[in-house]
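In this document, chain identifiers A, B, C and D correspond to the written order of the chains, with residue numbering beginning at 1 in each.
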């Protein structure tokens, strides 16, 4: 696979430099060189939200540092958790004295580094709560949510928690709402092609020209089944069936839906998939609020799509609809 | 008789030369079970370690410097655990210019416990820590460095072989525990290779 | 190549249905089923802007039907010009009595169909002017601009002409400004991989795993050279050199720059390319206004990047900066 | 002796059966010079034409219906020119139930001129119109349908062969005129195939 890059070693820092150069609302904060914060800082008297994660998923994670979304974000190497220093920088940058919600995906390295950083900063009086993205239904049984991976659905938690924080809610309340957003969200993805780490000499996995993998993770972690390519209609039917098996949707229920491209999928196909999705959701009688179609959480050059659904109530809906000003998602 | 911070530096220098050859092998093992980056990550960590100059002769200070360098180089699961191991060893060896070979076993056991606590795994989950546990046991009371290397290599290899057909219970590979049967855990595999390389000296 | 679709015959209409379902600001207008207009219609007393083109380039063309940009857009089959009926619908939908600017890429089928439609509607008193996108410097010599293809740079003309129209300028003025925007813009692209028509049994072109093609068109039309992959730094250097050879940039000149993904290129790589681009432009002493990085004009699953530069003066700059509310580009 | 709207319908039905086999060939020819869609576009146009039921026996009305159907099916360069040709022929044959074979040549010449005007090409630019020009010339005053088919096929093939090594001067292939030398123009190639298929009857 060809990559527009210079050296594998410089990849992440060069990407970050370009991102910052193009987006004046974001700045590096701290000493690690791997934490991005809002230029405007944390609004006085509000809870901060720090996230973080490996590189290779843009706009996730760092792209969502913006008003109404994240306060700061620690940036790891490609598909690796953010290091300790960057997590400390992220928490520090998000701390406006009202505490910091740590909101990131359920992966080992990420958890360890944020936990260490939070422990160290607790000694300095910084209060934190942690909420993990665990929306990938393909990654463990419903009874085993603590094992589930966090994937595209985390952007709903960002948006909703971000609005709660900006509205001045306190740390426990922001954490409760973030957890509620996570608990209301389910995602499943289907991969069509692989991706490759900068510097690696082969793709992360092999997949035949006519094969797809249902349930694959955003780093190429194994999914539920691998088989022949199917029509968009068949794929959407299966994905919605799997999601609604554990997130029952009754007529009148308000939901939002995210049709997310994994990186290399043409926007045409994402809209086609959205059309199929909407047809099936309409048949269930649910009401779709603020549908999202585009590349929100990617795996570099992986082709494929994920479908996320979040159920909304009177508490979550206004928070989802609250304004946000991110270069990749404006509400 | 024991090792100094100079010996640690020499082992790292050796790894820095040899590990790039293993990078893609380790990636491939991780690609089957996880996200395919174990080798790339380790190679980066080792190359970061190789450019560390430990301050003076304090073994503890050297471990501490290596721990910090590892923590700077990566936030991956395995890398973070390695950093934890270095920092744990740093505490136990602080202020000492030489550490007896026979202390390696308790140092490894300490590191193992710190990593279990940090990562939330249990022994038996089929991780690098099961390999380390076996190595710590096999090296108990061994005082000769050559015998130490041999026992360590044998134990790490034994752990890899005897866990191969068990399911992974933590880390990325947990997702499809049964699917992981028959496959080498990349962390355990890395441990085998690292011990083999150091033992070659 | 695997595509998330159902049947080749239904592809364009299903994509369009999904796009409309996700974007309530857009509606079908006319009888052709292939023209999209702003739901709000043409603002009274203003010039309309109609565009059109083949499918497979989303967000181009139809994605830019929005306040501050296009009034309407005719949608052709994949990589084919829009048909006569859709062009007539587009012009009709954009006509608020003050005339319509036809602003589209310089391709044979597109030109013929818009020309026929304009001739037929002229009989009914609809006044039109035509401005063609011709920004691709790889497609003909500088002296032969009438032969040049229109590629990514057309979005600058959309934005600038759209602002002029919304500001109430008359048809001749809007056309003059659109032409000025086109004349001030240059683009060159580099393709890393091919794309494939829905239903075709092979990619549009073959390209080796380690090869790239400089100057390729957005339908896979041949470029300037084909050769081995190079570093991002080398590629950007060549692209800027070729652009500045005919768009001289002196210190203090205000410009905007678009780093455009061709469809399958990760956002990471686009930001990395932007970083390289900015370094080189900073060295020239120019001032970058409103840089754009993302997928603005694509070729389905083609991987690669194009670089567009527009020089700005006191007339164009405020028009570029004027507000616009498109799902894919908000200013 | 001449052709009716029924004959046109039969020719189209035949093309609808045979053209799908050529689709990828024509795409490949266009991929070398343009955007690789000539075959897909033509197949779609012909299948749209095959589902048209011309109103009554008026040849002009039939041509007009085919012209409109073509214009609905595509906005590509070649497709739009084909629509132009149909609509031009429609005017010349309006109200007639039969058209003499010998009129085909002037009808083609008319269509050629209308297409030159619409597309802005000149003869010699290496387009489908150079093929058509050769066919119009070769079929002049030919009254026997079989001889007509043969002359048309020979002329179209001759044009293809004799233009192969010339540069394309219009259409997508214009961009690298010299690079187009040695390659078949997809429009000319399509004309050859279409005439061959119709002549097979």
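By definition in this document, a contact is a pair of C-beta atoms (placed from the backbone, for glycine too) under 8 Å apart; a residue touches a chain by one contact, two chains touch by 3 or more.
All figures in this text were calculated on a predicted structure; none of them were measured in a lab.
Mean C-alpha positions place chain A and chain D at a centre distance of 53 Å. One inter-chain figure worth recording: chain A and chain B are separated by 31 Å, centre to centre, where each centre is the mean of the chain's CA atoms.
Centroid to centroid, with C-alpha atoms defining each point, chain B and chain D lie 73 Å apart.
Counting partner chains per residue, chain C has no residue touching two or more of them. Shared interface positions of chain B, i.e. residues touching 2 or more other chains, are not present.
A linear topology is adopted by the chain contact network, the touching chains following one after another without closure. Chain pairs recorded as touching, per the definition above, are A-B, A-C, C-D. Residue ranges on chain D touching chain C, taken from their complex, read 24, 27-28, 31, 33-37, 40-41, 44, 71-81, 83-84, 118-120, 170-172, 174-176, 179. For chain A in complex with chain C, the touching residues are 1-6, 11, 14-19, 21-22, 55-56, 58-59, 63, 192-193, 209-210, 212, 229, 231-233, 235, 263-276, 278, 291, 293, 295, 298, 300-301, 303, 305, 330. Taken together, the chain C residues at the contact with chain D in this complex read 8-9, 32, 54, 74, 76-87, 107-113, 115-116, 138-140, 147, 149, 197, 199-202, 204-205, 217, 219-222.
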